[in-house]
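Both complexes shown next keep chain A, but they swap its partner, so chain B is in the first and chain C is in the second.
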Partner chain A sequence: MIEVNDLEVRGSLNAQILDGVSVSLEPGKTLAAVGGSGAGKTTLGLALLGFVRPGMRRVDGEVRFDGRDMFELPESELRRLRRESIAYLPQNPASTLTPTMRVEALIEERRLGRSQDTEKLLELVQLPSDSSVRRRFPHQLSIGQQQRVAMARAIANEPRLLILDEPTSSIDPTTQRLMLSLVERLRDERGAATLLISHDLASVARMADDVVVLSHGEIVERGSALRVLHSPVDSYSKALISASPDIAVDQPSLAPDADESAPVLEVRGVSAEFNLGRGRGRRTIRAAQDVSFDLAAGETLALIGRSGSGKSTIARVLVGLHPPGAGEVLLNGLKVSPHLRRRDRNQRAAIQLVPQNPEESFNPRRSVGDGILRSIRQARGLSGSAATDRLALLLAQVQLDPALARRRPHELSGGEQQRAAIARALAAEPQVLICDEITTALDTIVQGQIVDLLQQIQRDTRISMLFITHDLALAHEFAHRVGVLNGGKLVEIGPMSEFVRNPQAAESQELLDAAPSLSRTLAARRQATGETRAIAAS
Partner chain B sequence: MTAGLHDAAQYVIWRIVSLVATLLAVSLILFAAVEWLPGDPAQQILGMNATPERLDILREQLNLNDPVPERYGRWLWSTLQGDLGESVRTNQSVRAIIGRPALNTAMLAVTAFAAIAAAALLLAALGGRRDGSRTSTVISVTTLSAVSVPEFIIAGILISIVGLELGWLPAVSLVPSDGTPFSRPEILVLPVISLAIVGGAYGARLIRAAVADAARMPHVQAARLAGLAESRVLLRHLLPSAIPPTVQVLAFMVPFLVGGAVVVERIFAFPGLGSQLVDRIALRDAPVIEAIGLIQAASVIVAFQIADMIGFLASPNRRTAQ
Partner chain C sequence: MTSVAGREVLAAAGSRTRQARLSLIAAALLVLLLAVLFMAVFGPMISPYDRGEVVSLPFAADVGVFGTDHLGRDVLSRILHGGRPIVIIPVVATMLATLIGGVLGVAAAALRRDDVIMRVMDVFAVIPSILIALVLFHRFGAQHWVLALAVIIASIPFTTRYARAAAFPIIHSAYVEQARMIGESAPIILIRDVVPNLARPLLADAGLRFIGAIYLVAAAGFLGFGPPPPSTDWGSMISENIGGAGLNPWATIAPSLMVLLLTIPTNLLADRFARQVAR
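And then the complex of A and B:
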C-alpha cells in the first residue's frame, strides 16, 4: 500500500538525515521503526505524509501511496490524501490541539461523511460525550484527556495509514492501553497499516509485525519483530536491545556499601502544596503529604510514581526551592532551613540537583564549561588556575571531552548536556545528588551510559543519590531502595529486590505491571503465535 | 460557562480600576512636569518690563503662591468635574481653545490609524505567508527602509514633490473655518501618508513576526498534516493565536500617532492638538498644556487597555478557568 523507495533527506549543512531508506507498509500490518535519537525516525514518519520539515529537503527517492508518489502530487491531491486516509500522532499528542478551538470543533473538522459522529468518537476514546468535554477548550482538560481528544481527532477520518511517533513516551499506562486498542480496531476493521516509531522496545514487541532498526539515517537491520528483538544480528541493534531496561530481568542483588549508622539526609513528615490557576478557578494541589524517608551515604533511593504524583515537588523541597507547609529536612542530623536563601554555603553545596532539561539550565550564551566554573567558584570559592584544574578533573570524572565544554549548551547532544549538568552538580562536592527524570529525553543507549556513569561516581565518592523517575524498569537496574509516590503520599518504601518480588501497595503492583519488559512480552507473543499455528494446523 | 463569564467580568472591572489608577498617576506627572518648566508664567505674561508689584498681583490671581499639592488637588478636582479651567494668556476657557483642534486631530488620527492598520495587516499577510519568498524579502527590505526614515523627512519630501512640484495636493493643510477636515478631505492625504508610511511599515514588521511565530506552533503544523484546507488552517488554527500580539502592535500605533501628529501637524500647518500644544508650551500656558497632555495620555492608556481586553477575550486559556 505504501512504498518508500531509496528516500534520501538532507538537513542544514547538507547533513544526512535519511540515507537511501526503503520500507513498505501493508494493510493490517504494523511496521516499527526503532533507533537512537537522531536516527531519522521522525523524518521517515513525516515523509509518509509527503512532508519534509522546514530546513530539510528531499534529495532523492519517493513515497508511493497506492502507487502515486506523494512528493509529486499536486497540493490539493496531497491534502485530500492526508485528510481522508492518514492519521498522524506526534510525540506529544496534546500539542496538536489548537488552544482557541473547542473540543467538538477540533474533532468535527476531521470527520468525513463515512465517519462516526463526534459523540461516538468521544466514547471510543473513553471520554464523556456530553457537553462537559465537547464544549471545553483543551486547556480545561487534564493532560490525559487532551491526549484522548487528540486520538479521537486522529481517528475521526477512519484512516488507512496510522503514523505514531513515540506515542507512549508521554502517556500513562491506561491511556497507552486505550491507544493500542484503537490501533487494533482500525487495523482489524479498516485494514489500516501502521508505522510505529518508538524507543520503547516492549511496546514494539507487543504491537509490531516487522521492525526496521535505524542508525544515522540508514536501516541497519530489518525483519520480523520477534526475530529482530529476540536475536538481533547487527551490532547496533544488539546494543540498542541490550540497553533497554527490562523489569523482568533479574539484577545482581544490589547492596549499598552504606553505613547504616547515621543517614545523610532525613526527610520528616514533609507536606507541600501549590496553587494552580487564579481567581475563582484557583485550586490548591497537595503535592506532598506527610512524606518521610532517610538516605544513607553511598545509597541510591529511587522515587517512582506517575506524573503528578509529587516526585518533582519533593526534589524542590529538598533543595530549598519550595518551602514545605509542614515537616523538616535534616542534613547530617541537623535541620536545614526550608528556604534556599537561608541555607549557608556548605548546606547549599551538600544537596545538588541535576534538572530534567539540562539545556534550559545552562546559560545559552555562555559555554557549558563557564557554567560549571561558576558552580566551582560559588560553592567552593576556588578561582584562577585552581578552578580550571578542578574543571578538568570534573570533566574527566563525567567523561566529557574538554573541547566540548567550550561549546554552548545547544551545540551538545542530549547525553553530553546531561554529563555537563552532572559535572556542574558535582562541582559543589555534594553529599546528596538529586536526579529529576534526567534520562527521560535520552534514547536508551545514552540513558544506559548515563546510568553507568552515575554508578561509577557513586562507587568512587560514596555520594547518596535520589533518583526520581517514572521508569521503574530503569530504576530497577541500579537503585538500592525504592519509594513509590501516589497522589503526594509515599505509599511504599523498601529494598528494590524485595519490592519487585513482593510489592505491598496497589499502586506499586500497577506500576510493576505497567513496567516495560521486552523479554516477557516476547515470550507472551511467541506463545500466542505458537498457539495460533497449533490451531491452524489442527 | 457562567464561571467563564464571571471571570471575564471580573477581569474587565479590574482593568477599569487600573485604567483610572494609571490616569491619576499620569495627571500627577503631567502637573509636576509643567510645574518644573523653567521660567515664571507671570513674568512671561507681563513681559520683561513688568513691575514687581504687578507680578505679585498676577501671581496671586493665578494662585501661583499656593503650595503645589494644594494646587494639584484643586486642578484635579475641577478636571474631574469636567472643568478644564481657563487659559492664563487669553482668559478663554480651555475647553473652547482645544475643542476644534481636538476634533481636527481626532479625524486625522482615526484616518491615519485606519491607513496604518490596513497597510500593516496587508503587508504582514503578504510577507508572512511564505517565509523566504521573493515577496517576503522585498517587503522586509522596503519596510525596514521606511521605518528608518523619520516622518518629518517623508513629510518634507511629499510637500516638495507632490505638493509644490506637481501641485496635485495642497502642501498646507488649512481647515476651513466653517468646516472639519472631512469637508476638505484632500488636505488629509499628505499628513496621513506621512504617518502611515512609517507606522504601517513598523506595524507590518511586528505583525509579520507575530504571525510567523504562530505559524511555527505545533498545532498549526498538525492542522496542515491533517490535510485541512489552507484557508481553514489560517482562519481557525493560525490567526486566532496571532490576535493578541497583533492588537498589541496596533495599540502601539496610538502613542506613535500622538507623537507623530505633533510633528506632522506642525509641518502641514494643520490646526490640531499637536500644533496647539507646541504653541502653548512656548507661551507657558499651563492649563492648556495640562489638558492636552491629559487627552493624549488618556487616548494612549485607553488604547492599550482595549488591546489587553481584546487579547484576553481572544485567549480561551486566559478567559476561562482551568
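And then the complex of A and C:
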C-alpha cells in the first residue's frame, strides 16, 4: 500500500539524514523502525506524510501511497490524503491538541462524519463520554486524559495508515496498554498499516510484524520482528538489542559494600505540597505524604513510580529547593535546613542533583565546561589552575572529550549533555547523587553507557545514589534497593532482588507487569505463533 | 529522533538562496539607515547655509536642491540641521527606557508579588504617549529633555511588561536553579545568568520601541512643540511648510521622506532581529 523507495533526505550542511531507505507497509501489518537518536526514524515517519521538516530536503526517492508519489501530489490532494487516510501520533500526543478547542470539537474535527460518533470514540479510549469531558478544554484535563483524547483523534478518521513516533515514551503503563490495544484493534478491524517508531523493544516485539533497524540514516538490518529481535545479525542491531533493559533477565544479586552502621542520608516523614494556579482556581497538590527512607554509603536506591507520583518533588525537597510541609532530612545524622539558603556550603555540596533535562540546566550563553568550573569554584572553593586541573579530572571521570566542554550546551548530544551534568554534580564531591529521570531522553545504547558510568563512579567513590525513574527495567539492572511511590506515598521499599520476585503493594505489581521485557514478550509471541502453526498442521 | 539542538541548526540553515536574498535586503536596509543617521548627526557640518539664513523668497521652488521654506530659508540646509533631535532624542530615551523597564521587569519577574509594579504600569500604559508629552510641555516647556522624558514615561510600561515576560522563564530556568543549588549569590546569578540571556530579547524590543519614540518626536514637532526657532526638526518642518505645499511641495515632501527613510528601515530591521531572537 505504501512504498518508500530509495528515499534520501539531507539536512543542513548536506548532512545525510536518510540514505537510500526503502520500506513497504502492508494493510493489517505493523512495521517497526528502531535505532538510536539521530538515526532518521522520525524523518522516515514524517516522510510517510509526504512531509520533510523545514531545513531538510528530499534529494532523491519517492513515497508512494496507493501508487501515487506523495511528493508529487498537489498540496490540496496531499492535505486530503493526510486528513482522510493517515493518522500521526508524535512523541508527546497531548501536544497535538489545539488549546482553544473543546474535546468534542477536537474529535469532531477528525471524525469526518464517519461511522463512530464522538461518544463511542471517547468510550473506546476509556474516557467518560458525558459532558464532564466533552465540554472541556485540553488544559482542564489531566495529561493522561489529554493523551487519550489525542488517541481518540488518531483513530477517529479510521486511518489506513497509522504513524506512531515513540508513542509510549511519555505515557504511563496503563495508558500505554490502552494505546497498544487500540492500535491492534485498528489494525485487525480496519486493516490499517502501521509504522511504529520506538526504542521500547518490548512493545516492538509485541506489536510489530517486521522490523527495520536504522543507523545514521541507513537500514542496517531488516526482517521479521521475531527473527531480528531474537537473533540479530548486524553488529549495531546486536548492540541495540543487548542494551535494552529487561526486567525478566536475572541480575546478579547486587549487594552494596556499604557499612550498615550509619546511613548517609535519612529522610524522616517528609510531606510536601505545592499550589497550582492563583486566586479562586488555586489547587493544592499533595506531592509527598509522610515519606521516610535511609540511604547508606555506596548504595543505590531506585525511586520508581508513574508521572505525578511525587518522585521529583522528593528530589527537590532533598536539595532544598522545595521546603517540605513536614518532616526532616538528616545528613550524616545531622539535621539539614529545609531551605537551600540556610544550608552551608558543605551541606549544599553533599547532596547534588543531576536534573531531568541537562540541556536546560546549563546557561545557554556559556560553555558547559564553564558551568562545571563554576560548581568547582563555588562548592569546593578552588580557583585558578587548581580548578582547571579538577575540571580535566572530572571530564576524564565522565569520559567527556575536553574539546566538547568548550561548547555550548545545545551543541552537545543528549548523552554528552548528561555526562557534563554528572561532571558538574561530581564537582561538588557530593556524598549523595540524586539522578532525576536522567536517562529518559536518551536512547537505549546511550542509556546503558550512562548507567555503566554511574556504576563505575560509585565503585570508585562509594557515593550514594538516589535513582529516580519510571523505568523499572533499567533500575533493576543496577539499583540495590527500590522504593515505590504512588500518589505521594512510599508504598513499598526493599531490596531489588526480592522486590522483583515478590512485590508487596498492588502498585508494585502493576509497575512490574508493565515493565518492558523483550525476552518475555518474544517468548510469548513465539509460543503463540507456534500454537497457530500446530493448529494449522493438525 | 533529532534533538532540539539539531532542529534549531536545521531551521537556521533554511534554504540557502532565500537566506542569501534576505540578508542582501537586510544589508541594503542597514546601509540606508546608516546613511540617514550619518546625515542626521553630521548634517550641520556639510550644510550649504545656516539653518536661520534667509536665502530667497518664501517657497521659492527654484533655489538650491529643495527650494526654500515659508521664511525663505534653504530647505536642504534645514533638513541637514533638523535630523539631530529626531535621531538623538529617541536613541537616548529608548536606551534609558529599556534600562529602567528592564530593571523593573526583572524585579517583577523575580518577586512573588509583582502586582504593585505591574498595576502601576498598566495605568500608565493606557495614557496615549502624545498626551503625556503635551502635559509635560505645558508644565516644563518644549525642550529636548522634556521630549526625552515624555518618550521614557510613555515607553516604560511596555518595556517593563516585555522585560518581565522575557525574564520570567530565565529566572525560573533550570540553569538559574542549578546556580542557586551550588550557593551562588543573587547578584552573581543576575550578572552571569539572567542579564546575558535577557540582553538579546530586550534589544529586539528596544528596536521596535525606537520607532514609537521617533513617531512621538516627529508628532511633537508637527504639533508645534519642536525646538525653538531657528533650530528645527523634520516634524516641525512638515507643519511649518504644509501651507505652501502648492508653491514648493519639496519643502513638505523632503522632511516627510526623511522621517520615512528613518523609520521604515529601522522598523524592518528591528522586526527581523526580534523574530530571530524569538526563534
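We take it that the second predicted complex is superposed on the first by the 536 of 538 C-alpha atoms of A that agree within 3 Å, B and C clash if a C-alpha of one lies under 4 Å from a C-alpha of the other, contacts with A are read in each partner's own complex, and residues count from 1 in each chain.
Keep in mind that, in the parts below, a contact is a pair of C-beta atoms (placed from the backbone, for glycine too) under 8 Å apart; a residue touches a chain by one contact, two chains touch by 3 or more.
Not measured: the values here are computed from a predicted model.
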Fit or clash - chain C, chain B, common chain A: clash
First, second, both or neither for A:81, with chain B first and chain C second: first
Chain B versus chain C as contact partner of A:101, first or second or both or neither: first
Touched partner set for A:67, first chain B, second chain C, both or neither: neither
Touching partner for A:357 - first (chain B), second (chain C), both, neither: second
Per-residue contact with chain A, leading partner among chain C and chain B: C
Partner chain(s) touched by A:38 [first = chain B, second = chain C, both, neither]: second
Partner chain in contact with A:140 - chain B first, chain C second, else both or neither: first
First, second, both or neither for A:110, with chain B first and chain C second: first
Complex contact set, residues of chain C against chain A: 1-15, 173-175, 177-184, 192-193, 196-197
Residues on chain A engaged by chain B in the complex (per definition of touch): 46, 49, 51, 78-84, 86, 88, 90, 92, 95-101, 105, 109-110, 135, 137, 139-140, 153, 276-277, 279-281, 283
Chain B residues within the chain A interface of the complex: 1, 3, 6-7, 10, 218-220, 222-230, 232, 236-237, 240-241, 314-317, 320-322
Chain C partner contacts - residues on chain A that touch it in the complex: 11-13, 17, 37-39, 41-43, 53-57, 91, 166, 319-321, 340, 343, 345, 348-349, 352-353, 355, 357, 359-366, 371, 374-375, 378-379, 410-414, 424, 428, 443
